[in-house]
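Same chain, two partners: chain A is paired with chain B first, then with chain C.
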Partner chain A sequence: MLKITHFLKSKKTWFYILISLLLIALPFMVSEYITYVVVLTLFYAMIVSSYDLLLGYAGQLSFCQGAFYGIGAYASALFSIKAGFPVYLSIPLSVVITALVAAGVGYPALRLRGAYFAVTTFFLAHFVYLIFLNEVWLTNGPLGLRGIKPLEALGGIDFSSTTNYYYLVLVCFAASIYILYRTANSNLGKMFISVREDEDLAESFGINTSLYKLVAFVISALVAGIAGGLFAHFFRLLHPSTFTWLTSEMVVIMTLVGGIGTIFGPLIGASVVMFILEFLRFAPELRFVIWAVALIIILIYEPRGLVGLVERIRRVKR
Partner chain B sequence: MILEVNGLTKHFGGVRAVDNLNLVINQGEIVGMIGPNGAGKTTTFNLITGILKPDSGTVKFKGENITNLKPFQIARRGIVRTFQIVKYFPNVTVFDHIYIGAIAKNGLRADRKTLEPMVNETLQFLHLKDKKNVLVKSLTIPFKKRVELATSLVLKPKLLLLDELMAGLNPAEIDEYLELLRKINRELGITMIVVEHVMKAVMRLCQRIIVLHFGRKIAEGPPEEVSRNPEVVRVYLGEGAKYA
Partner chain C sequence: MIETILAQLVNGLVIGAVYSLIAVGLTLIWSIADIPDFAQGGIYTFAAFAAYFTVTLLHFPYFFSLVVAVITGTLLSVTIEKVCYRPLRGSPFSQLLVAIALFFLLANLAIFLWTPKAKILPSPLEGIILNFAGFSVSLQRITVIAAAFALFIAVNFLLKRTKLGKAIRATAQDPETATLMGINRDFIYTVIFALGGCLTAIAAALIAPLYAVYPEMGTLPLLKALVVVVFGGMGSFIGALAGGFLLGLIETFGAIYVSVAYQHGFAFIILILTLIFKPGGLFGRS
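Coming up: the complex of A and B.
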């Protein structure tokens, strides 16, 4: 009972309740276009916070989250188009494929450390992009993969409407954030932290660092795969240009802007980045220039990212 | 016999860092390992703990050949070491640092209720209780060493390899550490190999001393005997020295 009253008195609780209510009411408050942008933001939010588990907790800098996003998307689309699987089956299958690719690549690649590992993942991202682009028989190459089925209606809910799909994505998003947050604060998360802090010391304490690095890598890929699968049946058109190395770069930038090692920070990063880029659409040529300058200023002023900025403001207030 | 090293050899280019080394460590002993800089003491530790692979020779721990195991596998079998240049997880609290060790020992499934008492007990044992919530990176070097040692202890090792734990400490701190190490040896029954340059400390702490020089063992025995050994006096304490 004491716990519950404490829970209700905490400002944090009300903040989260407010955010949740806002997210639930969102489709009724804004235009369909904004809802649409929010759905895309939620995909990025999922990818980015799972990436935080890898970068912020296990300390492994990688540049291939975009590739796993793409593998999830293409695999699910292909299962549904070529094999005729229902979407409820094709998305889980695509997630399994993504995890298998991550495990297959991560096992040898994670033997490399630091910059060498980062460069390897960068090449993986580009390699995957080249497959999407050039294996025309499978992916339809630069013409893009068309005619992807929407998620089948379930219990009378039509998922081809943006609003309904928004709620589905919101549920998946909330579930993955919850699981990621719990993982980060579990014993497993502590093992990840030990790898980040000092790999040799962790090893000398009997911690199987190669295993934990692989686990973090696969979890981050897996969530990106889920986001990819959901994206494929939302956008219903896949083009290789969505999954270039720039996408992976964007994920790293969003994570850094948000503040690593917090799971929630990257969420803020993803939202801010997506919305700044959308608001800047009135100046298509200048969009990335303005954005780049803003990024440099943020990271010079507060290297811990937006989470650090929030903390700093709080301290000043007190 | 807890540790048996046979014919251990390691070259770095043309340098023989460890040269055909044989060691026997008995259960419950505190063995000192001394020698001038570059004698191969740290390399020996790295070979025993699997950080380096030997060119030839074997390491047996409790009868099992552990020569080709990975460092974490060797640690799990009960050989834990500290590092010459203190290593620690900078951005975690003292409590979490030791807690990580407790997870490493007891597995991912162990819950907070079982692990927390172990951590608290270790904090108590090493008088770190009031530093519990401090980030390790903001501690002084002696305290960082103590945190490293504490985390080693929570792993409940059978054999502890201490690499210059007392370097840079003042005489009062050295006395405190001597008492602490004896206590660890006596109360927790942990066998130790101690590499140390603080000669007074080694002489007082160890029952047996091994002297290395250019990767070779040149003397072995009780402290008084080793300190009178003319070969040791020559290579280690300098030509013409009469007493250690």
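Coming up: the complex of A and C.
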């Protein structure tokens, strides 16, 4: 009982309730276009918050979240087009494939540390892009993969409408954030932090650091795969250029802008970055220039990102 | 048949020379300053554009544009070190992120300024064709290979025979003790970044007439040079040299005999194999 009253008195609780209500009411308040942008933002929010588990908790810098997003998207689309599987089966299958690729690459790559690992994942992202581009028999190459089926109607709910799909993505998003948050605050999360803080020390305590790094890497890939699968049947057109190293770089920027090691920080980062990107659509290259400059300034002056900035303002106010 | 092999051998050496030139600078920077300097990819692009504008806009001769490219590359590299890497010294994690952000920034800035369209940098050397017993090759290609070798000899002389080179090697071995011996660490960092920027710029300006000048031209050479650094062995001059040429040859011959589409994927396979079987690299310690 005490716990509940404490829970209700906390400012944080009301803040989260307000955000949730806003997200639920969103399609009735804004145009379909904004809803559409929010769906895309939610995909990125899923990717960055899972990436935060890898970067912010396990301390491993990787540059291939865009590739896992792409593998999830292409695999799910191909299962439904070439094998004729229902989307409810093709998305889980694509997630399994993404996780397998991550485990296969992560196993040798995670024996490396820091920059070596980062460079390897950078290359993985490029290699995956080359596969999307060149294996024309499978992915239709530079022409793009068309004719992807929408999610089948379930219980009379037609998922080809943006609003209904928005709710589905919102549920997936909420579930993944909840699971990630619980993971980050569990014993597993503590293991990740021990790897981040001092790998040698963790190892000397008998912690299997390679295993925990691999687990963090696979979890982050898995969530990116889910987002990819959901994206494929929402956008219904896949093109290799959506999944270049620039996508992976944007994921890193969003995470760092938000503030690493917080799970929620990157969500703010993803929303801010996505919406400013949308507003600056008239100058496509300039917006990436702006974000790259922003990232460099953040790294030099406020490494904890927007979360750190908010805390700093609060302290000044007091 | 033999002509094809000879022609591909020259192509492989030309590409290899570019990888080696960038890799020599990268391996120095990576082993001494502990930064995998992704920004060199952007410097490569900007140096090539500097050469391009010197020739097409200002109508200076091609040889003069090489000088302009080198000045651009060196200044850019030194400025980046001073402004972006120096404040973050001691936190390699942030430095790596800044390096990649710079790479992303310079590539997109180039697209913003000069559009993604590929441009041709004319060179008088490209028109001169040399004949060796029925086998012909343009003077530009010969120049790339010859210039690369001349530079390697010069860099080797600098590192092994001069006092400055001794100071650089001392800093690489043990930065703290080197500082105690009166070596100015900041100055050494400036020198290695200048050297790296200079070598990258020369590589870009030399190869630009053979291919094209466009904003994303730096991405692949940079990634391959990073692989060469790991493949050859971190901090190894000879490793960067040999690794670069070897990768160039593997790519050109792999493109004919294995797959053209995955020409740029071979480096990834080499990287993974190196990391599994010989993590120290070909000429690395351990």
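Everything that follows uses one rule, which is that the second predicted complex is superposed on the first by the 300 of 318 C-alpha atoms of A that agree within 3 Å, B and C clash if a C-alpha of one lies under 4 Å from a C-alpha of the other, contacts with A are read in each partner's own complex, and residues count from 1 in each chain.
The rule we apply is simple: a contact is a pair of C-beta atoms (placed from the backbone, for glycine too) under 8 Å apart; a residue touches a chain by one contact, two chains touch by 3 or more.
On a predicted model such as this, the values are computed, not experimentally measured, just so you know.
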- Message: In the overlaid three-chain picture, which partner chain does A:32 touch, first (chain B) or second (chain C), both, or neither?
- Response: neither
- Query: Looking at chain A, does chain C or chain B touch more of its residues?
  - Reply: C
- Task: With the two complexes superposed on chain A, say which partner A:288 touches: chain B (first), chain C (second), both, or neither.
- Result: second
- Query: Of the partners chain B and chain C, which touch A:109 in the superposed model: first, second, both, neither?
  - Reply: second
- Message: By the touch definition at the top of the document, which applies to A:311: first (chain B), second (chain C), both, or neither?
- Response: neither
- Message: Quick check on the superposed pair: does A:188 touch chain B, chain C, both, or neither? Answer first, second, both or neither.
- Response: first
- Message: With both complexes overlaid on chain A, does A:152 touch chain B (first), chain C (second), both or neither?
- Response: neither
- Item | First (chain B), second (chain C), both or neither touched by A:204 | first
- Using the touch definition up top, name the residues of chain C that touch chain A in the complex. 30, 36, 84, 87-88, 92-94, 96-98, 100-102, 104-105, 108-109, 111-112, 219, 223, 226-227, 230, 261-262, 264-265, 267-268, 271-272, 275-276, 279
- Footprint of chain B on chain A - complex, ascending: 186-188, 190-191, 193-194, 197-198, 200-209
- Query: Of all residues in chain A, which touch chain C in the complex?
  - Reply: 59, 61, 63, 108-109, 111-112, 114-116, 118-120, 122-124, 126-127, 130, 133-134, 245-246, 249, 252-253, 256, 283, 285-286, 288-289, 292-293, 295-296, 299-300, 303
- chain A partner contacts - residues on chain B that touch it in the complex: 49, 51, 70-73, 75-76, 80-81, 83, 87-92, 96, 99-101, 103-105, 108-110, 148, 151-152, 155
